[in-house]
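Data first, discussion second: the structure below is written as structure tokens.
For reference, chains read A, B, C and D in written order, and residue numbers begin at 1 within each chain.
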Amino acid sequence: MTIKVAVAGASGYAGGEILRLLCGHPRLATGELEIGALTAGGNAGSRLGEHHKNLIPLADRVLQETTAEVLAGHDVVFLGLPHGQSAVIADALPPSTVIVDCGADFRLEDAAEWMHYYGGEHAGTWPYGMPELPGNRDELESTTRVAVPGCYPTVSILSLFPALASGLVDTRVTVVAMSGASGAGRSPKVNLLASEVIGSVRAYGVGGVHRHTPEITQALSNAANAPVDVSFTPVLVPTSRGILATCTARTSATAAQLREVYEKAYADEPFVHVLPEGEFPETGSVIGSNAVVIGIAVDEKTGTFTAVGVVDNLTKGTGGAAVQSMNLAVGFGETEGLSVVGVAP
Amino acid sequence: MTIKVAVAGASGYAGGEILRLLCGHPRLATGELEIGALTAGGNAGSRLGEHHKNLIPLADRVLQETTAEVLAGHDVVFLGLPHGQSAVIADALPPSTVIVDCGADFRLEDAAEWMHYYGGEHAGTWPYGMPELPGNRDELESTTRVAVPGCYPTVSILSLFPALASGLVDTRVTVVAMSGASGAGRSPKVNLLASEVIGSVRAYGVGGVHRHTPEITQALSNAANAPVDVSFTPVLVPTSRGILATCTARTSATAAQLREVYEKAYADEPFVHVLPEGEFPETGSVIGSNAVVIGIAVDEKTGTFTAVGVVDNLTKGTGGAAVQSMNLAVGFGETEGLSVVGVAP
Amino acid sequence: MTIKVAVAGASGYAGGEILRLLCGHPRLATGELEIGALTAGGNAGSRLGEHHKNLIPLADRVLQETTAEVLAGHDVVFLGLPHGQSAVIADALPPSTVIVDCGADFRLEDAAEWMHYYGGEHAGTWPYGMPELPGNRDELESTTRVAVPGCYPTVSILSLFPALASGLVDTRVTVVAMSGASGAGRSPKVNLLASEVIGSVRAYGVGGVHRHTPEITQALSNAANAPVDVSFTPVLVPTSRGILATCTARTSATAAQLREVYEKAYADEPFVHVLPEGEFPETGSVIGSNAVVIGIAVDEKTGTFTAVGVVDNLTKGTGGAAVQSMNLAVGFGETEGLSVVGVAP
Amino acid sequence: MTIKVAVAGASGYAGGEILRLLCGHPRLATGELEIGALTAGGNAGSRLGEHHKNLIPLADRVLQETTAEVLAGHDVVFLGLPHGQSAVIADALPPSTVIVDCGADFRLEDAAEWMHYYGGEHAGTWPYGMPELPGNRDELESTTRVAVPGCYPTVSILSLFPALASGLVDTRVTVVAMSGASGAGRSPKVNLLASEVIGSVRAYGVGGVHRHTPEITQALSNAANAPVDVSFTPVLVPTSRGILATCTARTSATAAQLREVYEKAYADEPFVHVLPEGEFPETGSVIGSNAVVIGIAVDEKTGTFTAVGVVDNLTKGTGGAAVQSMNLAVGFGETEGLSVVGVAP
């Protein structure tokens, strides 16, 4: 049996990353996976090689229009579209098609939060493509609809949820997360030009206004089984890829107690690596990989717990989580085509 | 009258930055300022041009040994030495010599904190070279000894002290600060190699162990007139210069109340610029300048105050503060040779 | 007497750099220089501070429309406009107004070359704002029209002209020049996004098609008093500022002969610095400065002369040359407001 | 049968890259490949995870001393050692052991050139690990000794050899090649610190003095069957990985003639990709991949041929070529564990 996949939004960063991973997927070589339609909006009609020079084996593929007709007839459809566009496509495809949406449309449970942060009508809620959260893996194995988590939420939630689930830390948490520029997508904007970003570090979306705030809050509140207050500040740093999240919360627990909680939570997770005491992660070690690397510390003097986590925003933060979710949904091994070994230095 | 200055540690980054600023100081052109001895440790005997290729007018100056004999006979001596070395030099120079120490030796008031964080005996406490703090400017105008603040403390303290002094925010504060690599100095270390730093973001000194923690705590506690708990996490980012500090504290005040406090605190400060509502700073706008740029926000939903500040760690964070302090100590205009206009983009 | 200057295209990089330099010009403090109208195209009506966060003293200036009416009544008008727009403005201003054009419109002498590389009608030829070329300084002191050289031509011509003028090297020269992203201007384009540029080195305009090729060829042919064949390859590197040009030509001369030629050519030039034997420049030492730093070598085994030059493309490569030209045209000291000391590291 | 491999110099960049590739080699999963001893010099005794944070599956491996005893008993030994150290190790291992040397010791044929550029006695010449050169693949399939090419030579030779072998271009060639910092290895040096490299472009080894000059000259002269004069200038750019080489030579051939030559030369090469007319490569598209991407142009006006090539200096430029050579030597498929799909953006 061959799983035929389509990628909508193939000229963007999410689409490109999914295709990069699929090119190395072991089922492609055996013929059990096939790369079907690649679609785009304004770039329809052009060669993929013009947009993703790294995808040499697919360089001569021509991008088609993103329409339900083009996407029909595939077993899996990845969507890397601007928010608000996924529902229309999803409604036009049969329920048996596995749809893996890298956009925000189906992530939030609360329609009011959706409207507040994104505007427009809430499309609904799909299973959340983060198998590492309790209960999610089973759900993802039996669904045909997946909402891939946002990049900031991925690293923030995985860095904090064991602490909050354990009840050992305060439910008021502070997350300061630094992202490379690819997290902002591929639309040309003056403030994302290389000249503006290189040599500079820039805070933005300060004061709870970033759209990933409700997504982080939702998952952490679910984990804590109580409302969690998240102060979230994103920062743009001069890298292409990678997010590092510094997460703090007050605690009266000891370092040993919290370490036990983290080691237990992630003991069987193939992609989450908890560092030994005294070691903290850097984004440079996870580039291109699906790994989440977390270091934790407790400052017992001030009663502060700090978890620092890193991911590659395009891999585990988007395309890798999408492929991981596809693997679960279609019955491949969860880690196939994904690695924990980043390209470093 | 001519003020003759010496720079000890001239081949390091602090020494180089002081010299860069002195080369553009208007009193140099008029002959009221003269650049005397330039000294170094292991680099003594070599040309300055081998170490600082940008200092073209001084390229052929030869570095002398850092000794009290060489430094004697100057009106102002800048020290850019490893910690623990300043006291010996200072003791050997006359009390009338203005000594501006860029090291940590004389910053802390508490000898126990010094020993905990630096080891060895505490050398004492000198006036703190941050004229923007209440009372400091007068003190700096009448001293011959100045402890230049650390780079992380400069931006953290100036971003937070008005809020703490006003009593409008909680005394438990969280600071996550991202610095370019020059903050780590010029000693060759594998983890500071370009290959290791480019493309990566790295947390270090997590859990209250960074040596700048007690310095920030001291100044903020003085400002609040109460003990302040500081959770400080430094992060290394791939730039040469610049620090951005994200500072959060719980508050029940409004954005308008806090804005008033900041605007009042800095109304007459030549180097501190508070951004209008909704704007936040980036390090790229202050490179090479002595400016401190601060943006503030209150998330009234979660009751969180956030101040984001930026400085160039080598200018306002070290060499600029040193020149500013010298200007005050010798009676030049405080802003001479210093600019708020950074080199951007 | 006060010289009143206007800057057209003030929200772009050339305009911003001119304003950065004018903010530090010593005649501004004395009142002999005044910053008048700042104009823009699509950004007219917005605050300058939205576009150039570093220009704190001018942050609240509002950009006006770029029209001859707005620019009239100034002693000096700087033009930082897309090519093809300068002639109309220039024609509408009186002959006594000093116009310093940072665009390409008036650089080329050969109308056919202009049409081949830029299309449209050739506007004419103005004195070339490179005082370091023989005869140019006198001409610039007595003109009211200046064509500021392109950034690649500035470093390529100054690196090669002494060798070509001396007749010691072959007239077939190869220039490979690496530029930071600001050289491409501030228009938003996908291939200039930070994500695309960081971590990458990209050749473009290969095969003699870059528009700066005829400008380099023209100046070097004039210097050699013979046709010079230039193979010019530009390369985009992940920095904001700076160009390094590697220039090679076959020679049968010795290193000593060529060194003498360079030292003589630049002995009295305030902004050109020839490095000692065995030293070669890096762009990092000239950031924000008007310096040109050149290193030369002869490989006597293969008979190859190599000159490596660096400039800051926005300073000596654009805005600094513009201010230098203004200084000459209005009778200020040529080096006023300009420095050879870059911001490093 | 299991191929057991050892890596000497495992804490360096070459060793780390070989291990990164081996971790993803399909024969590892099947048990046909086994990672045996990992050795180091000064780092012996420490965990691999301290040095290569990306190699999560091998993090707890402890580095042993680099001695012939430790390396004995392996089928394949990769050497990533400072030059001059490989011969001693090689002499102590049996002739049947496949030794893949990433150092320079066995690359040059001419003992005098070796002594001139490296000093000390010439160790000999081994088959050159560049299967793309005529005749090399067969030789590599039947050898147990491989000299892996240098990084600059890899891209320079592959970019130029078809043109020189065809006789269509002049034998005087100019190569200007820009490399990321990892090419300089992992020894701590002030001029390789992130602060010194970020934001800067630096020429070095100008005038034919770089050690890769004779290696490039040797291979190109062999290809041309005539002495080739190479002017080689290396440039350090602020990336971790990647080399772009701009190669020029005079020609009287047409673009079409040269294109035909390149397409024919590389038609069956799995790792070399010749771009369509008008396209030129960037290093950002080959990061982590074993691809060589080449664009060519002829400027018929000046009679100049330009080839621009890119590789990842650590992959195809070192570790990837080493694994490719091992695959050939032990009878695995040449491309196993290697990809042409880089991590981008």
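Criterion: a contact is a pair of C-beta atoms (placed from the backbone, for glycine too) under 8 Å apart; a residue touches a chain by one contact, two chains touch by 3 or more.
Computed from a predicted structure; not experimentally measured.
Across the two candidate interfaces, A-B and A-C, the one carrying more C-beta contacts is A-B.
Using mean Cα coordinates as chain centres, the one most removed from chain A is C.
Chain A and chain B have Cα centroids separated by 38 Å.
If you average the CA atoms of chain A and of chain C, the two centres end up 44 Å from each other. Shown for chain B are the residues that touch two or more other chains, namely 13, 182, 195-196, 198-199, 238-241, 281-282, 284-285, 287, 345. Remark: chain D residues 172, 174, 176, 178, 195-196, 199-204, 206-208, 229-231, 233, 235-242, 244, 246, 248, 250, 280-285, 287, 295, 297-299, 301-304, 306, 308, 310, 344-345 touch chain C in the complex.
Against chain B, the residues of chain D that register as touching in their complex are 13, 180-182, 184, 186-190, 192-199, 238-240.
The part of chain D that touches chain A in the complex is made up of residues 13, 16, 20, 23-24, 26, 52-57, 182, 198-199, 240-241, 273, 281-282, 284-289, 291, 293, 339-345.
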